[in-house]
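The letters A, B, C, D, E and F name the chains in turn, as written, and every chain counts its residues from 1.
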Amino acid sequence: MSAFTHFNKAGRARMIDVSGKDVTRRTATAQARLLMQPETLAKIRGGTIAKGDVLAVAQTAGIMGAKRTPDLIPMCHSLLLTGVDIDFKDDPRPNREGRCSLMVMAIVTTTGQTGVEMEALTAATVAALTIYDMCKAVDRDMVCTDVCLLKKAGGKSGAYVRKT
Amino acid sequence: MSAFTHFNKAGRARMIDVSGKDVTRRTATAQARLLMQPETLAKIRGGTIAKGDVLAVAQTAGIMGAKRTPDLIPMCHSLLLTGVDIDFKDDPRPNREGRCSLMVMAIVTTTGQTGVEMEALTAATVAALTIYDMCKAVDRDMVCTDVCLLKKAGGKSGAYVRKT
Amino acid sequence: MSAFTHFNKAGRARMIDVSGKDVTRRTATAQARLLMQPETLAKIRGGTIAKGDVLAVAQTAGIMGAKRTPDLIPMCHSLLLTGVDIDFKDDPRPNREGRCSLMVMAIVTTTGQTGVEMEALTAATVAALTIYDMCKAVDRDMVCTDVCLLKKAGGKSGAYVRKT
Amino acid sequence: MSAFTHFNKAGRARMIDVSGKDVTRRTATAQARLLMQPETLAKIRGGTIAKGDVLAVAQTAGIMGAKRTPDLIPMCHSLLLTGVDIDFKDDPRPNREGRCSLMVMAIVTTTGQTGVEMEALTAATVAALTIYDMCKAVDRDMVCTDVCLLKKAGGKSGAYVRKT
Amino acid sequence: MSAFTHFNKAGRARMIDVSGKDVTRRTATAQARLLMQPETLAKIRGGTIAKGDVLAVAQTAGIMGAKRTPDLIPMCHSLLLTGVDIDFKDDPRPNREGRCSLMVMAIVTTTGQTGVEMEALTAATVAALTIYDMCKAVDRDMVCTDVCLLKKAGGKSGAYVRKT
Amino acid sequence: MSAFTHFNKAGRARMIDVSGKDVTRRTATAQARLLMQPETLAKIRGGTIAKGDVLAVAQTAGIMGAKRTPDLIPMCHSLLLTGVDIDFKDDPRPNREGRCSLMVMAIVTTTGQTGVEMEALTAATVAALTIYDMCKAVDRDMVCTDVCLLKKAGGKSGAYVRKT
């Protein structure tokens, strides 16, 4: 139970003191997957009107969202992010329910005293929600799924790689 | 393709003009599910130290997140939310992979010219990410899944209820 | 106990639904008093270098703070403030402890479904803390006291005037 | 002098009370011009790598900036923007100094009690600064100029059209 | 007068240049006291419905408020807070006016070039205002008082401990 | 073309990774010029009612705007600004069109891994737009012009001084 490090002696939440931790380079990679109708994916990818713009907006939103993480996640420390990159990968093969998927990947780096897992997760999620927002008029049933940390490096707790 | 209402004549993203829309009462309900180890759920629910605090922080974060939606989702209109409520439901029965789930539900209401789907989705997602943040030291493999709109009411496009 | 309107059925905090409330003009006036050394007040009021600037900065900060209230106070509704005014009154007569006082008064108005008590309190407090910040190098013992609502008008709960 | 409506009786700045004003549809159009080397404009417009992305990011930034206006401009009222659109026009003919120009135009609409001049100016300016940021490695001498209101409509002061 | 370090040569406010200061560990502790009716305190502390939730929300708000300090206090430097903790202490004995008090204490740490006095004061104040917001329906006369710095450590100006 | 450092391999925008850069002291100076009617400038400078307050508000806005830069400019890194100073210079001699000018100068310093050009440009621009906001009732034709970087120092790309 002592691993619940976000609580003080009175059992209340706090932002844990990391002032004794080393300043090291840290990275984290997170993903979020959007399930959608094949036509929706086709419109995002090949649309003659919008030519890629949905993803350009989503990516900008994800990068800005990463910077807003400490404003959103209460116990999260402010950090100076040294880099944020967002990538998109699509799987146009329909699943059993006939839906395709668009994967959002976010890579965040910092040099600081805590990790950037939450920043990577926030970047991926905000980018995915932005895609939902821009496409909801054509596909309100879109689902955001598989939001998780893929890997992280740096810091005392060391490297983490998600087992698939 | 014309349904991609977020694009102007030049094919660039814009915040669509809703000034001709009616001011009506609108509601939206969204969810986000967190998969976790049974011990993690037990700690959140029954922990003697933290007694419910994880959820209290998550709920506060979700409500505040709903208010920040237009700062996060670029083409989303600012709205005066008239109410935000967040509820948690847990399913302690492990799934095939041995993981339990904690469901976050967010209900948002407004009286305005556009809907609050994005606010409900943002509230549920920020609450879920906050739980992840506070528990990641004990269960870094947690996954946020099934983030979707459950129902909405009000406005020109009318009622929507998700088919399960 | 039912008067604790900020809690849902599960006993958790929520932003209460005000969508059934009338849209009316609402005003609130709040104050915050700063106790300080007579020399500090003299410097603020008559300083040849800074000529009133401390108060100009404090006032700007108070007005901007009023607009940020829903970002700070979790269960507070967003509102479109139609006016914010901040006034300063000083009492140069030392109290028993030899300290003078500078009073900050904030008046906030809106036309909406909830009151602006929190906006007025936030405006007064942020202005007072800004004065503290700018003068702390010369008087770190300054105290902010008597932060309270003086009066409000509009809305269902009607007028309130503080008894002195 | 009484036209300086942003000051209270004590001569201090305030957010003026607009609660007596009519709620009407209001629009404003503003511009910002960026002067740059012809090669910079060619790269923005025709670059094989970045294909339009600079403008997609700038446009997203401009729209988000419009929503942040009351956080930036102290005496500016919060408003619910009902629409924001940003357009780019380039003039590839070099001026006397050999520089081309890229014009940013922002159109903002609201239904409210005050105008959206500041939102349109902020949108155009933030979009222009974003272009500067993304191109400064190749052309640090870029200048943002001719930032002004082109026209506005709605509200008591009526229509305004800039004389060229 | 030269101690008013927040002013430039023209007598205007500035954010003072701290780039020559040492990076050291710094802490600050501040308090804010809320005076309220004994029944209000009893409801906060022992309420069967809300079981501690008022304080959980207040604490979350205080911690998030600490991170927003440079957005609120104009001349305050941005800092990476390494820890924020908030504690509550109540004095159920009524004072001469029959009111009890609930004390909010905020402890903030950083490793940086300026102190965190303003962050501690902001955390305590925002937490206190949040309690006011959640209880104002039952006790609108609550007063926030004794907002002050209790102690600080680190930095060139050295340790400070408030004399009671 | 490779100098467009803000793009990843897929040609999409990213926040470039600066974690390998040296932490050095960096400064940047930027300007923004406001053209206005001579009477407007006279009112700002000598007005008996507003006595300098327009500039006090503008300066506060500019300093706060500098701190908000990474919230506004998508690909801009967060930095801990160690100092921000804003200065005003007026040229009361009318130009050919009969307009005077008020120059805003912003100097920003940091100790970090990237430069503060965008922060200086944002500070100068926000201050200029604030002056526009406060004076637009008397002179809606005001134009903001000559927004540019004057000089910068520190970092790998070295010193830059604008040629006039």
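Please note the rule applied: a contact is a pair of C-beta atoms (placed from the backbone, for glycine too) under 8 Å apart; a residue touches a chain by one contact, two chains touch by 3 or more.
The structure presented is a predicted model; accordingly, all values stated were derived computationally and were not measured.
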item: Steps in the shortest chain-to-chain touch route ending at subunit E and beginning at subunit D; value: 2
item: Contact distance in steps, from subunit E to subunit F; value: 1
item: Same-interface partner of A-B, chosen from the options E-F, C-E or B-C, over half of the pairs matching; value: C-E
item: Farthest chain (mean CA position) relative to subunit F; value: B
item: Interchain centroid distance [CA atoms averaged], subunit D/subunit F, Å; value: 15
item: Centre-of-Cα separation between subunit D and subunit B, whole angstrom; value: 32
item: Euclidean distance of C-alpha centroids - subunit A vs subunit C, Å; value: 38
item: Junction residues of subunit B - those touching two or more other chains; value: 12-13, 51, 53, 56-57, 60-61, 64, 68, 71, 74-75, 79-80
item: Contact graph of the chains (line, ring, star, complete, other); value: other
item: Chain pairs in mutual contact under the definition given at the outset; value: A-B, A-D, A-E, A-F, B-C, B-D, B-E, C-D, C-E, C-F, D-F, E-F
item: Subunit A to subunit F touching residues, read off their complex; value: 25, 55-56, 59-60, 63-64, 66-68, 79-88, 109-111
item: Subunit D contact footprint on subunit A (complex, rising order); value: 51-53, 56-57, 60-61, 64
item: Partner subunit E, residues of subunit C touching it in the complex; value: 1, 3-7, 11-13, 43, 47-51, 53-54, 56-57, 60-61, 64-65, 68, 71-76, 117-118, 121-122, 125-126, 129-130, 132-138, 140-149, 160, 162-163
item: Touching residues on subunit F, where the partner in the complex is subunit A; value: 8, 10, 12-19, 70-71, 74-75, 77-80, 112-113
